[in-house]
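So that you can tell them apart, the chains are marked A, B, C and D in the order they are listed, and the count of residues begins at 1 in each.
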Amino acid sequence: MIDLSVSCGGLALANPVMPASGTFGLEQADIFDFERLGAFVTKTITPDKRLGNPTPRVSEVPNGMLNSIGIPSKGADAFVRDVIPRFSQWRPPLVVSISANTPDAFAELARAVSVAGVAAIEINISCPNLEDDGKAFAMRPESTREIVRRLRDATHLPLWAKLTPNAGDVAAVARAAEEGGADALVVANTILAMSVNVETRRPSLGNVMGGLSGPAVKPIILRMAYQCARAATIPVIGCGGIATAKDALEFLIVGCRAVQVGTASFVHPCALVDVIDDLEEHCRANGIARIEDVIGSLDLTQTERDMMGDTALEARA
Amino acid sequence: MIDLSVSCGGLALANPVMPASGTFGLEQADIFDFERLGAFVTKTITPDKRLGNPTPRVSEVPNGMLNSIGIPSKGADAFVRDVIPRFSQWRPPLVVSISANTPDAFAELARAVSVAGVAAIEINISCPNLEDDGKAFAMRPESTREIVRRLRDATHLPLWAKLTPNAGDVAAVARAAEEGGADALVVANTILAMSVNVETRRPSLGNVMGGLSGPAVKPIILRMAYQCARAATIPVIGCGGIATAKDALEFLIVGCRAVQVGTASFVHPCALVDVIDDLEEHCRANGIARIEDVIGSLDLTQTERDMMGDTALEARA
Amino acid sequence: MIIPMLDPDVASPAAPPRPLEVEAVVREHVAVNDEYRYLSLDLPEGAPHARPGQFYHLLCPGGDGLEPFFRRPMSVYRIEPERNRVGFLYKVTGTGTAAMARLWPGDGFNIFGPLGIGFTLPEAKAPIVLLGRGVGLATMGPLVPFARANGHRVTAILSARAPDLVMSVEEMRAAGADVLTVTDAEGTSAVPHVEGLLEDLVAQGRCAALYVCGSSRLTRLAQAVAARHDLFGEVALEQQMACGVGVCFCCVRPFRENGETVHRRVCCEGPVFPLAEALA
Amino acid sequence: MIIPMLDPDVASPAAPPRPLEVEAVVREHVAVNDEYRYLSLDLPEGAPHARPGQFYHLLCPGGDGLEPFFRRPMSVYRIEPERNRVGFLYKVTGTGTAAMARLWPGDGFNIFGPLGIGFTLPEAKAPIVLLGRGVGLATMGPLVPFARANGHRVTAILSARAPDLVMSVEEMRAAGADVLTVTDAEGTSAVPHVEGLLEDLVAQGRCAALYVCGSSRLTRLAQAVAARHDLFGEVALEQQMACGVGVCFCCVRPFRENGETVHRRVCCEGPVFPLAEALA
């Protein structure tokens, strides 16, 4: 029996795999077994009702996708009243993602969702799809420290700060979030990008720019997750291009205590469960008793690997 | 006869296509016709001799590659003496890429390469593969303005500032480079990234982290090129994941006056010439007389495209 | 070649089937005309079956420079529960459908579905009229045998650029529908003429419900006629999709809901919607 | 099956051929033993031909989850100018070679080359000795007929894990080499024993030059023996490659150059280097 459980950001998770915000919802309940997940993470909600961005809202690119969904939201009240209670029928803890455009509204919303049935709050201080050329609280350490501190005072629930990969110094932002009182870091949101239809000469997205996600971003986000895991002492949750157990293992090896799977679920509806099954299988095949033993196990003893070295050779001769 | 010529950063180019620094050299002279190129851009040189980083220096990822070549260099003197003269046999202008770790050494090097046969200097203030966790002059507007100003005083040649995509606010860095006196902006260098071999638990690169390049970065760099073209008045040269004429057109449409092709040449040795041929073919097929007419022609009149709209329909009915 | 769209003996299950990701196997793949291809798949044991108007999300195979990342939504054109097969009628328009067009009999094909909400029939065996153009015909196809099997008289008005591009005429006749065709080439597809046809059908008591797909022009016409005579009506809409199940909100389209404009997701709140509410 | 590595009538051209990216066509693709496969390609008209020790950079076809991004370097194993063909002997080790292993006769295969600097023969028909292990044998293969054609006596010492994994024995004999095999299984592949064999050959005047490939252990041994008796020697090295033509500097390996350590690029300064200078 492999032990996949991890403690992460104030929660005890049965396994380190959870959905990424905006790619998961109750609609999937009849598609895969919700009981299997390490946690639930809901689509970001905002204080009040919103329509979201113009269509086209998504566009595919090599090995990934752009999205400018924006944050269509029924508002906090409807969410607290209609959605949160429905998750109580399953065991995994519920993480609610929130966002707002002002510290006050943000704090107010944090208070509003600090209700029974919610295990932790993921603060989306990084959504690059809103106006302001993609800027966000998490672009700078100072603004990050401030908003996290503000939200820390607004709720007793564990706070997960979701960072933006568009920041120049993610490690500094990670430290700032920790100083502000975050219990965990989610690294990271989508990378601001765009594409153009050369026939029509129009942007492929109605919103011109959008967030890049999927396998294409993995090497970049993995680097940031590694930098954050070294810079901060609170747990880092890796999120970016994870589609397989192998991808998840890369994030765990560089120091993440959990991972989120997003875009992959659009290609393979059961990706989350597949990643969990294959993680367990990898552990079994490699004699790993506890997934904890994989976390942060990156081997930096860089022996210059020799294409002709006799070790490499024995493998090939 | 299609007119592909563009003026860019103080130079008149026969066409807007040139190689990206570090992916081009005299060794390719018997592989494709050098006379076809818009310009030559040499591998970055440093003031003195260097070995570069440990191997493995490259690793492939989905739709791209990581490199931590570092900057192996024979030093400025050898370069000026042995390499520069050999380019005089071809017509395209020679752009020399330089880098250094201190402003003084940088300025000294700029002076040293300001010799006959050199048409412009590309300053690599962005190479993410050197020490310091990938940081570089171009990470911040202030340091960028300073170093460019310093180099502006050191040479009479056109100065092209090559920016790093790892900066948080590339548009601000672009403006700073312009204020510092740059004649053009090259957007951009590689994106700091990493990957891990889950079997050995070792980084795939000897240097742990390296620069991501190739098709995977295109949507991100295209967005930055667009932001820089809007923020600065000097020409922007797009560089990131360009493998086809279609890719090049995306950069021209968002406002770039020229493009650089790098990694693509590793997959298709004649990629540069193919891109030029196909650009010309695209213009012919679409009745475009001058490539200038394509530059900055992005259409932002976002009619919500209707999947059922009768225009879309006529195409599909 | 005639391709029946639904087996006569099929009645629709009460609750919509639970969608599954399955590896189907290509049985038949043929060109129907210059533009459209018909793909028939063998489903694995126990795979759920679709209802008319539902769709599958198809994972088109990459390779040779065609690398579709998203799945592609396709309406079911033929539903064969007892043979455990499903058929699609599609047009090659871009990357995904071009990749799809390379499939050979025997190839595996990963499909996810059935998804979405299909067509509903009016009360009391009331006669219905189908109005479709382009790929819209593929979506409406199975509605004919479904309605006939439930005792409704069916009239189909099929619109296309040219006579040779009107599809499913024989199929729909074989399934028991009265079929009228209108084309741009013959100058019969213009809105006023089609409106005349509809009014005649209403007058003849042959149009108690209207179903439209494939053109916003025809949708607006159908809305006018339905409003004028207070007819039941549904429209099948299209929008780009990522998840296909309702979580990503990329597939929204605007609707009129007591006065205000709201967004609804085509993948899970549709693709079939009440005719009156769509903002076409 | 015997696969000759070079046609006897081939002499090496003076200047190295200019490399080209060409679309070759798979002629033959067979398993040689449990680990190695032989791939023979028809080259388009006018394609350049390689010299022993040179390599091609292969664009292995993607698909089904295998998406090699880089080209893969492979030594020429068989060179057939007059038939306008080229052959490779390779082992499936990872993504690229696995993708390559899926090629069928008739398939197109994009290859770029020939690249790099091949083997040079010693003066005056002096007798030579080849020392190889693993894929190293593939690289050395064409050196046998090339040397024989130029009047050199050739002795090949082939090392492998087990007797059934020693490759090219018949091929090399057929090409006119005296072949000795040493294996781990028989305990004959250990350095002291191989050193004894080499010393005997030197004593018998059969070893005026040494060529080694496929093992740093054997390379160090060859360096010692060559130094001891002041023999001409070359070693073929491997390193990961991106560009394959000398511009990216990813394929460097360390060498001893009058006292100091320098980096040289395997793709264009090699893959064949002076034996004495390599830091194995």
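As a convention for this text, a residue touches a chain if its C-beta (ideal position, glycine included) is under 8 Å from a C-beta of that chain, and two chains touch if they have at least 3 such contacts.
The structure presented is a predicted model; accordingly, all values stated were derived computationally and were not measured.
Trainee: Spelling it out: a chain qualifies if it touches chain A and also touches chain D; which chains qualify?
Mentor: B, C
Trainee: From the centre of chain B, which other chain's Cα mean sits the farthest off?
Mentor: Of all the other chains, the one whose centre lies farthest from chain B is C.
Trainee: Centroid of chain A to centroid of chain B, CA atoms only: how many Å?
Mentor: Distance between chain centres, rounded to whole Å: 31 Å.
Trainee: Just curious, how far off is chain D from chain B if you go by their C-alpha centres, in Å?
Mentor: Here the centre of chain D sits 37 Å away from the centre of chain B.
Trainee: Measure off the straight-line distance from the CA centroid of chain C to the CA centroid of chain D, and report it in whole Å.
Mentor: Each chain's C-alpha centroid was found; their separation is 60 Å.
Trainee: Report, in whole Å, the distance between the mean C-alpha point of chain B and the mean C-alpha point of chain C.
Mentor: That pair's centroid distance is 48 Å.
Trainee: Going through chain B residue by residue, note those that touch at least 2 other chains and give them in order.
Mentor: 55-56, 61-64
Trainee: Name the residues of chain D that each touch 2 or more other chains.
Mentor: In chain D, 239-240 touch at least two other chains.
Trainee: Show me the residue ranges of chain C that touch chain D in the complex, using the header's touch definition.
Mentor: 61-63
Trainee: For chain D, which residues count as touching chain B in their complex?
Mentor: Residues 18-19, 21, 59, 67-71, 112, 239-240, 242-250, 252-253, 263, 268.
Trainee: Taking the complex as given, what residues does chain A use to touch chain C?
Mentor: On the chain A side, the touching residues are 22-25, 27-28, 30-31, 43, 51-52, 55-58, 60-65, 67, 69, 72, 214, 265-270.
Trainee: Spell out the residues on chain A that touch chain B in their complex, using ranges where they run on.
Mentor: 54-56, 61-64, 66, 133, 139-140, 166-169, 171, 191-196, 198, 200-203, 206, 208-209, 212, 215-216, 218-220, 222-223, 226-227, 246, 249-250, 253-254, 282, 297-300, 302, 304-305
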